[in-house]
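Heads up, the next two complexes both have chain A, just with different partners, chain B and then chain C.
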Partner chain A sequence: MELAWLAPALNFAAFGVVSLFGKYLPGKGSFLSILAIFGGFILFGVVLADYLGQKEDTLSFSRTWVELGVARITWGMIIDPLSVIMLGIVSFVALLVQVYSLGYMAGQERFGWYFAAHSLFVAAMLTLVLADNLILLYIAWELVGLGSYLLIGFWYERPSAAEAAKKAFVTTRIGDVGLLIGILMLFKATGTFEMAGVFAAVEAGHVAPGALTWATILIFAGAMGKSAQFPLHVWLPDAMEGPTPVSALIHAATMVAAGVFLVARAFPLFEAAPDARMVVAVIGLITAGMGATMALVMTDLKRVLAYSTVSHLGFMMLALGAGSVPAAIFHLLAHAFSKALLFLGAGSVMHAMHDETDIRKMGGLRKKMPITALTFTIGALSLAGIPPLSGFFSKDEMLLAVFDGLSPAFLVLALVIVLFSALYMARLLFTVFYGASSPEAEHAHESPSVMTLPLIILAAGAAVVGFLALEVGGYEGFGNFITSGHHGFEVNLLLTVAAVVLALVGFGLGYAIYVRKALSTQALMGQFGWVHKLLVNKYYMDHAYQWAIDRIVLVFASFIGAFDRIVVNDMGVNGTAETVKRSGFRIRYLESGMVYNYALAMALGAAAVALFWWLVIPRIG
Partner chain B sequence: MITLVHVQVLSAGLFCIGLYGVLARRNAVLVLLAIELMLNAVNVNLVGIAAFVDHSKFLGQIIAVFVITVAAAEVGLALAIILRLYRNKGTTNVDQLNLMKW
Partner chain C sequence: MNDWLLFLLVAVPLVGGIALMFFPSRNYPLIRGYSAAVAGVSALLSVSIFFAYDYTAAGFQFTNSFQWLPVLGIQYSLGVDGISVLMVLLTGIVFITGVLISWNIEHRPKDFFVHYLLLVAGVYGVFVSQDLFFFFFFYELAVVPMYLLIAVWGSSTDFKTFLRTKEYGALKLMLYLVAGSLLVWVGILAVYVAGQGDSFAFSDLVSREFTPGFQRFFFPFFMVGFGVLAGLWPFHTWSPDGHVAAPTAVSMVHAGVLMKLGAYGILRSMELLPEGARDWMPALIGLGTVNVIYGAASAMSQKDLKYVVGYSSVSHMGYVLMGIATLDALGVGGAVLQMFSHGVMTALFFAVVGVIYHNAHTRDIDVLQGLAKRVSVTTALFVIAGLTSLGLPGLSGFVAELLVFIGLFRTYPILGAIGVIGAAITAVYILRLLAKVFFGPISERWQHLHDASPVESVAAGALATVLIAVGMLPSYFVRVINSGVLPFLERLTGA
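Entry: the complex of A and B
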């Protein structure tokens, strides 16, 4: 189990070797990256087996790294159910995405660099999930941000990709600042960076409630950035400018999972600060609602999936806000499989359609690419919450958590969002794969097996991981596993039935609208024109940010810039030099060259000194 | 009866005449003469104070002798410079010797 550190280390090593020497290696070094992440997956198996055999709550190893007075910074790992599960999700999804990328990215320029950046991204994420102290976590957190920047901006020749990468980096940075301040506040209050120490101090009540609430909210701000929570969600839909496998990785395993993981990891803080937990729940609900409604109207294949991710992440935060870590992590797991599957399926569609992403130009692809269509259907049904797929189980647990932990208003809105998520998934599925074949889809063909194999594996996963929730024989269910037996999953039959009915209604509505054409989308758009406009314009959030940047940030920046140019540079630095130079020009005319002028000045000076000596000194002395 | 004040008034008068000569004269040789006058005013002052304040050590007299010596050397040097100036510039008028300005 001590070997778990090898998982990130292998990937960091792969990053180093592939980025430096990739071009001399066969396959541009891609096989090294895949071997490294495969090693990570094997290590997950080893650690899991060890953990199950040992049956201890938490194991942590740490070494001192830096000692600065009172501050002791360590580096080390926590092995607990949470980190084991995350290790599994990250390494498994990353492995499949990398294998898929072999086919998808074949023939691309900078093929080797793509895999190197992938390794860096995955290594950072693995470090993040294993980290046992807040400083190491923060370092890994920032490295994840760097990895996403490099991969989203992989096609940096395209201005839109460069913009999207910048947007992702800057937007998440806003949250990261909050995270850093939160970490420092906790350090100030508890005197340690070690998570176990911080949590113990918080539980013992050594931290003032006000400071704790603020520190916790600031830590959540970091999670808001990375996990694309309102109002920092705007980067995620743009992040699809990167290669599609990267989107799959970001949406499933690495980037956005980091925020949910952080809240789950720091959950003792949220337990001690109910106000902060309420903030999490409200933000989660808003995000889930906004994401689901926007996903209803987008016409870009990847954008629909991106808003669906935003919505599901909001749902996870809602579950965390309701106080249930197991439900949120279980949904993270189910969502990781389903969303990775959907994105890789979308990539397969784009591959077949020559990078077309407009779903209005697709249709009837089911006949052209049966494997992609079948696996995509499984993923969509899973996320829509249709039993017995994984999304059904996890969504059920989350709804139950909301039911138990929050007021009924939250539950009602959450159920509406369930309906919406079934509806947009149905819309996507039926528009792309069913119905009449569009002219653009005439020459579509199934993707190579290196791409379909990961799809099949992920589809199998998306179909069955839900059963992990059940208690079978000696296995006590996912809820008990992740909380070490403190919080098992339960079932509320009424709620389950309600959720399934709503999901089926949503799906049926989608079928009626997009296959049967019982309701005309044109008529709907006419009826709810302003709603449609609001949604297509993404609630004007991007406009608002653009306005704020143009009118506030840039104006402030130009003011600061003018201050620097005029006051600091012209008046301060050049002004001093200019004054000296100009006064020198004036004063030099005193040097007449006439010797008797100098003599007079000397005489007067001597007389002045004498007078001073004679008249002033005796009086003041 | 001659007192110290008389000597000092004489010295100050000599000094002022010398100073006036330095400031007012245009001929370099006369400026030099005026400087000599100022030096002698200082000598009178030194010797007078030495005589009236303390007879025993001859301090003022010794310094006066030094001043005379140095003044002699200075006059020799200054006259040589003035001679060179006249050879080069064709004048000893200090108004026209203003190369050292600005």
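Entry: the complex of A and C
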């Protein structure tokens, strides 16, 4: 268990070696990256086995990094159920994504750099989930942001990719401002960066409630950025400008998981600050609703998946806001499998369709690429909440958490979102893989096995990990595991039935609309034209941001820039110089050459010096 | 031997520069080889002094002094503490890389390097002088070559709506620095006279008692005088204009070291007049905050790469001023580390901008586009500087700014929050710049752009390596700084 720190270290090392020397190595060094993450996965196995043997939270590694005065910042790794689970999710998904990338990225320019950046991204994420103190967490957090910047902008020659990378980095950075301020506020109040110390101080009531609430909300702001919560969700759909396997990684295991993980990790703060927790719940609900509705109308394969991720992340935050860490993390796990699967499946489709992403040009792909179709179906059904796939179990737990922890209004809205989730997944599935074959899909073919094998493994995972929730024999169930036995999963039969019925209704509705054409989408659009317009334009959020940047930020910047040049420089600096010059022209007339003028000046000057000597000097003495 | 290290440190570039005057003007390889050798020896001396400095013992080390004018109490006395030893290291790093970046200078290389060596000798002298007279002398020694270097080897730029000639930039810089030094000189003389008028030695003067009224009256002379040099708002405009006019190596020394000299001067004068300093710190922290936000906003609106980096220096120096003004161990320590980090980072920035300008003959952001496709080394180096600038962990700027922020939160939390926001604004303009200049489709015009030459790559690569090394393993640096900052604060807050 002491070796857990090796997991990030191996991947950081792979980043260093592959980025510097990759071009001299066989396969551009890609095998080193894969080996490193495989090592990470093996370490997960070792740590898990150790943990199950001991059942104790331990510190695996702790070294002082910087020490100055009262501040001590350490490299420390903590092993507890949460970090073990995250270690597993991150390393497993990253491993499969990298293997898949061998096929997907074959022949690409900068092939080695792609794997190097992958290693950095994963290393940062592994550090994040293991960190035992808030500064190390923040460091890893920022490096995750860097990894996403490099990978989303991998095809930097494309303006859209360069733009998307910048958008992701800047948007998440806005949240990070909150995170850092929150961390510093907690340090001021508790005098430590160690999470255990901070939480202990909070539980003992050493932090004033007002400051605690604000600090907690600010920390949540960081999570809002990374986990794409309203109103900072705008970067995630654009992030698909990166290579598709990168999207799979971002949407499943690394970037967006970070925010949910952060709230789970810092949950003692949210427990002590109910107002902050309510903020989490409300933001989560808004995000879930917005994401699901936008996913209904998008026509780009990856965009539908992206908004689906936004919606599911909102759902996880809702569960956290309702007070249930186990439900949120369980859904994170189920979603990671399903969403990685869907994105890799989407990549497989794009691979076959010459990078086409418009779902209106697809159809009937089931016959051309059976493995992709089958695995994609499993992922879609899982996220729609159809039993007995994993998404069903996790969604059930989240709904139960909302039922237990929040007012009924939240539950009603959450159930509506469940219906929408099933509907947009049905729409995607039926449009792309079922129904009549489109002309563009005529020449599609199944992807090579290096790509389909990860799909099969992920599909198997998405199908079965839900059963981890159950308490069978000696196994205590996921809920008890992650809370160290404090909070097992429960079942509310009525709620389960309601959720399943809604999911089936959603799916059935999708079938009726997109397969049987019982309802014309054109007619629906005509009926609800303004809703459709609102959704297609993403609630005008991008417009609003663009407006704010163009009209406020840039205008303010140019104002300061012009102020500096015209007022400070031309009027202030050059103006002073000009005044001196003009005065010089005037004053030269004083040099009259008349002795009595000079005598007068001398006398006045002497008097002034004397006055200064008598009156001013004693006072400043 | 150790006693002579600092003497040599100043003497090598000074004598080296004077000796270079007698070299044949046409033998270019000899001139630059010789300059690189002088700079190399100086850099080695700097590095050995830094690592030989015993931070457990703290205090002034490698001290050495000679009587020069006993009647007035002037001695040539040298020594470094935990703060100045880091500045010595910084100067050494920027010195050698500046020579390498100027490798292919074509216009009168001999005269260029003579002035450059004298400039650096002056900078070293300021950091190691323990006598206010020589402190001032070396400061002036640095200013004069600076003027000539810009006025002769600089470049004029037409910005359509306004024109910035190299003569304008050089004159402005000269006037500002002389005006600043005038204020400082008044302050030094006042302290000298009020302190019995028998010694310019720093160690003597810090132990003299000055009345609170005297301290309060004269501290602003130092604060504003040195503040001008540190880019203190609203006395900062000489700095961006100076950069636009200056040749690459001079921009590197100017932003990398000269501006630090201002901050360093403020620190030292705080020790001289501790009570006056305490009273004026709120003003300094307020102006520092303006520096951060105003500099960042100005940088965002610029269209010339050098103006962007110039205003970003104004912004980053704001963190130094804020950190100093906290009078908190973490804030001041962070400020000193930021002086070092920003010095190396901005030297890297200007080195890379110089490479781009040299090859593309323009620094206009609107014209440059998609360079990454063609010049990968240049791009990688610029990205490293940019990421340091926006405070990315793993690079030196993060550690420095983090310490400043912690210091601020312990003293002025609201300003700390504004500081953090400033770092986010930096991210916006740096990332916009990267996306515009380096990413996106490459335009036809830059299809054949040259990448950095091997010498330039080595020089800039060395700077980038320092940024990464300090960012990953800051503890040694922090310990050295700590050994200088703690006694400093004891004197300031204990008095």
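The rule we apply is simple: the second predicted complex is superposed on the first by the 561 of 621 C-alpha atoms of A that agree within 3 Å, B and C clash if a C-alpha of one lies under 4 Å from a C-alpha of the other, contacts with A are read in each partner's own complex, and residues count from 1 in each chain.
Following the convention adopted for this analysis, a contact is a pair of C-beta atoms (placed from the backbone, for glycine too) under 8 Å apart; a residue touches a chain by one contact, two chains touch by 3 or more.
Just so it is clear, the model here is predicted, and its values are computed rather than measured.
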Item to complete: Using the touch definition from the top, say if A:162 reaches chain B (first), chain C (second), both or neither.
Response: second
Discussion item. A:603 in the overlay: touching chain B, chain C, both, or neither? Say first, second, both or neither.
Written reply: first
Worksheet item: Is A:595 in contact with chain B, with chain C, with both, or with neither (first, second, both, neither)?
Response: first
Practice prompt. Determine, under the contact definition given at the top, whether A:200 touches first (chain B), second (chain C), both, or neither.
Written response: neither
Practice prompt. In the overlay, answer first, second, both or neither for which of chain B and chain C A:143 touches.
Written response: second
Item to complete: For A:453, decide between first (touching chain B), second (touching chain C), both and neither.
Response: neither
Worksheet entry | Greater chain A contact set [chain C / chain B] | C
Worksheet item: Just which bits of chain A does chain B share with chain C as contact spots?
Response: none
Worksheet entry | Of chain A, residues touching chain C in the complex | 64-71, 135, 138-140, 142-143, 146, 153, 156-159, 161-163, 165-166, 169-170, 173-174, 176-177, 180-181, 184-185, 187-188, 553-554, 556-558, 560-562, 564-565, 568-569, 572-573, 577, 619-621
Discussion item. Could you list, by residue number, the parts of chain C that touch chain A in their complex?
Written reply: 162, 172, 175, 211, 213-214, 217, 234, 237, 241, 294, 297-298, 300-302, 328-330, 333, 370, 372-373, 387, 390, 392-394, 398-399, 402-403, 405-406, 409-410, 413, 416-417, 420-421, 423-424, 427-429, 431-432, 434-435, 438-442, 474-475, 478-479, 481-482
Worksheet item: Which positions of chain A touch chain B when the two form their complex?
Response: 588-589, 591-596, 599-600, 603
Fill in: Residue numbers on chain B that touch chain A, as the complex places them
19, 22-24, 31, 94-95, 97-102
